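Shared chain: chain A. Partners: chain B in the first complex, chain C in the second.
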Partner chain A sequence: MDIEIDESVDITNVVCPVTFVKAKVALEELEEGQVLSIRMNDGEPVQNVPRSIKDEGHKILRLLDNKDGTYSLIVRKAGE
Partner chain B sequence: MPDYKALKNGGFMRQVQKNRFSLRLKVVGGNLSASQLETIAAISKKYGDGRVHLTSRQGVEIPFISLEDVENVKAELELGGVSTGVCGPRVRTVTACQGSDICPSGCIDTYSLALEISDRYFGRVLPHKFKFGVTGCMNNCLKAEENDLGIKGGFTIEYIKSLCTLCGVCVKACREGAISIGSDSLSLDKEKCNSCGRCVKSCPFEAWKGEAAYILSFGGTFGNMIAKGLDALPPAKDKETLFRAADAALVFFDKYASPGERFRVAIDRAGWDSFKKYMQEAMASQDLAD
Partner chain C sequence: MAFSNDQLQRYSRHIILKEVGAKGQRKLLDGKVLIIGAGGLGAPAALYLAAAGIGEIGICDADEVDLSNLQRQVIHSTNDIGKSKVQSAKESMEAINPEIKVNAIHAWVDSANIMKLIEPYDFIIDGTDNFPAKFLINDACAIAGKAFSHAGIIRFQGQLMTYVPGQGPCYRCIFQNPPPPDAVPTCRQAGVIGAMGGVIGSLQAMEAVKFLLGKGSLLTGQLLTYDALKMEFRKIKLPKRESCPVCGANPTILAPIDYDQAVCEVKQ
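Here is the complex of A and B:
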């Protein structure tokens, strides 16, 4: 994949709704246009977190299957 | 002796306490304005015992109203923009969740639909009580299948391949496992799709296009008899079709139910196959007339 990742956050150690909060805080620390990789668990997080990130207005680029029961959501931060 | 039946039909429910009534108010879709609540509070303090009861179907009752105050209470409620409810063999309170107007999960505007249903049918006399409930999505917060006619919001979906980047978000968002990812496009298993619309809501690229649809269930009842309403027809794709179905269901109920018999019992007796046939014919003949 030819997308440059600026920052990564792991939300596999928290549960809903902290999953989304932790991802949101990580996004807030980035500049507009930078790319965040969010590592999340299979199941509820991967079912719901991508949509919450979309609803916040950020651009989802890819969802990668890490083949270890986790997924990485690649997100480009939107402007305010 | 007071005409208890007439009082009950008008929402005044006789209490254990002599000459005291619990007054049922008209509420649609669980919404009241703050000023309506103020009116209700004032009436409860003035004519009741300061209590207000929230019913299991989003209704409001003011208990401990005295028989001699009934007319004054009605008039004061009306001045405050509050109407009285109904009881007995007729179309009851139309319930609804917050729907797409408020809730991010909602696929349909449940409150405006509940208002339309209520305007069209509320209080209509039938062989027995008849309950409508409207829920905005598959999460079913409003428990559509408990109702004689339940309406559940969903999406009929269409895949726009040219917009899809195969990002994989929808494959995981779908709880039914209906979407699989191929080398250059997604494939949808229509047998597994339950029209929940989660693919549409989650897709970052608008590659799933959704049109609101109304999933109907018939014959639910959750009192003395407990039975889940059943999906008997394909989802209604627009409000016109939805109302043709609702019209036909009430005509069927009126025609085939004995007095005091719930919709479910009437359908069971007539047979679900003939009910479905009746509904399809009623809807189709209307289609031709349009």
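Here is the complex of A and C:
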């Protein structure tokens, strides 16, 4: 993969709305322009978390299928 | 310090908000609020601020829980009758949120202790039921340069104002001196609808939260009045008074003052 990941967060062990909350908190800790990889379960998280992150103004770069029932959402942090 | 999964869950409805986020919740967790009076106003304020994760909350009152308090002071239970209000309040607050620090201060505020009491806190909530205490808190906060929320409730009416140093009037700019003792009935004599404390005390908690977050507009320079029977909220714009003896250009009140209370209010 050609995108450098600065930080990773796993939200497979929590449920809505903490999925998004945990991802949001991880993004807040990054600098503008840095890239976060968010590992999430298939189903509801994949449907909702990317949309919520987009609503916050961040840029979704990729959604990678990990082939184990989880996906990795690659996000570039937007400015405040 | 990172949030635990439990904290993320507890404060999720805050952190989701754009105006709060993790940074804002951290400000709340680092915030210190003093609530003076564990009664009708202090009860809802203390419960909401504890639930919100305000890191350190002082609650100050010298009274014991009485059966007649329970109609409005929702932080106390029937089992608490006879217990000190601050102990009862502390137990309720810690039951809601064990990760905050609650300082139970079993005392009446007076000119001798108020400056030291308010010193460690970022924001003060006046939840008292008498004019001498209201002027005392106002003067102490103006002298110390502390922000505070004034409120009063009686019958079906409530009022609220926020003082922030340098932004708008203090309580004394508006009401220059306490009324003569017994000229105005307290809620002991006049009665008050229990939910009035819930409405106004919750607004005080909201002002404290906004102050700590640094978001939105505070109720400075305006007195909010609520008439429940007419179901009317009004905001009255009020200017700072340059001749105010405590927050004006040439203050003459340089230390808090003890005023006499009406006889029926004198605490044993």
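List of remarks:
Going forward, the second predicted complex is superposed on the first by the 80 of 80 C-alpha atoms of A that agree within 3 Å, B and C clash if a C-alpha of one lies under 4 Å from a C-alpha of the other, contacts with A are read in each partner's own complex, and residues count from 1 in each chain.
Everything that follows uses one rule, which is that contacts are C-beta pairs under 8 Å (C-beta built on N, C-alpha and C of every residue); 3 or more make two chains touch, one makes a residue touch a chain.
This one's a predicted model, so the numbers in the text were calculated from it and none came from an experiment.
When the shared chain is aligned, chain C comes close enough to touch A:Val14, but chain B does not. By the touch criterion defined above, A:Gln47 reaches chain B but does not reach chain C. Look at A:Glu56: by the touch rule set out above, it reaches chain C but stays clear of chain B.
By the touch criterion defined above, A:Lys24 reaches chain C but does not reach chain B.
Of the two partners chain B and chain C, more residues of chain A are touched by B. By the touch criterion defined above, A:Asp65 reaches chain B but does not reach chain C. Within chain A, no residue touches chain B in one complex and chain C in the other. Contact residues on chain B toward chain A in their complex (touch as defined above): 104, 165, 167-169, 172-173, 175, 198, 201-202, 204.
Residues 42, 46-48, 50-51, 54-55, 59-65, 71, 73 of chain A touch chain B in their complex. Residues 13-14, 17-18, 20-22, 24-25, 28-29, 56 of chain A are the ones that touch chain C when the two sit in their complex. Those residues of chain C that touch chain A in the complex are listed here as 3, 5, 8-9, 12-13, 15-16, 18, 21-23.
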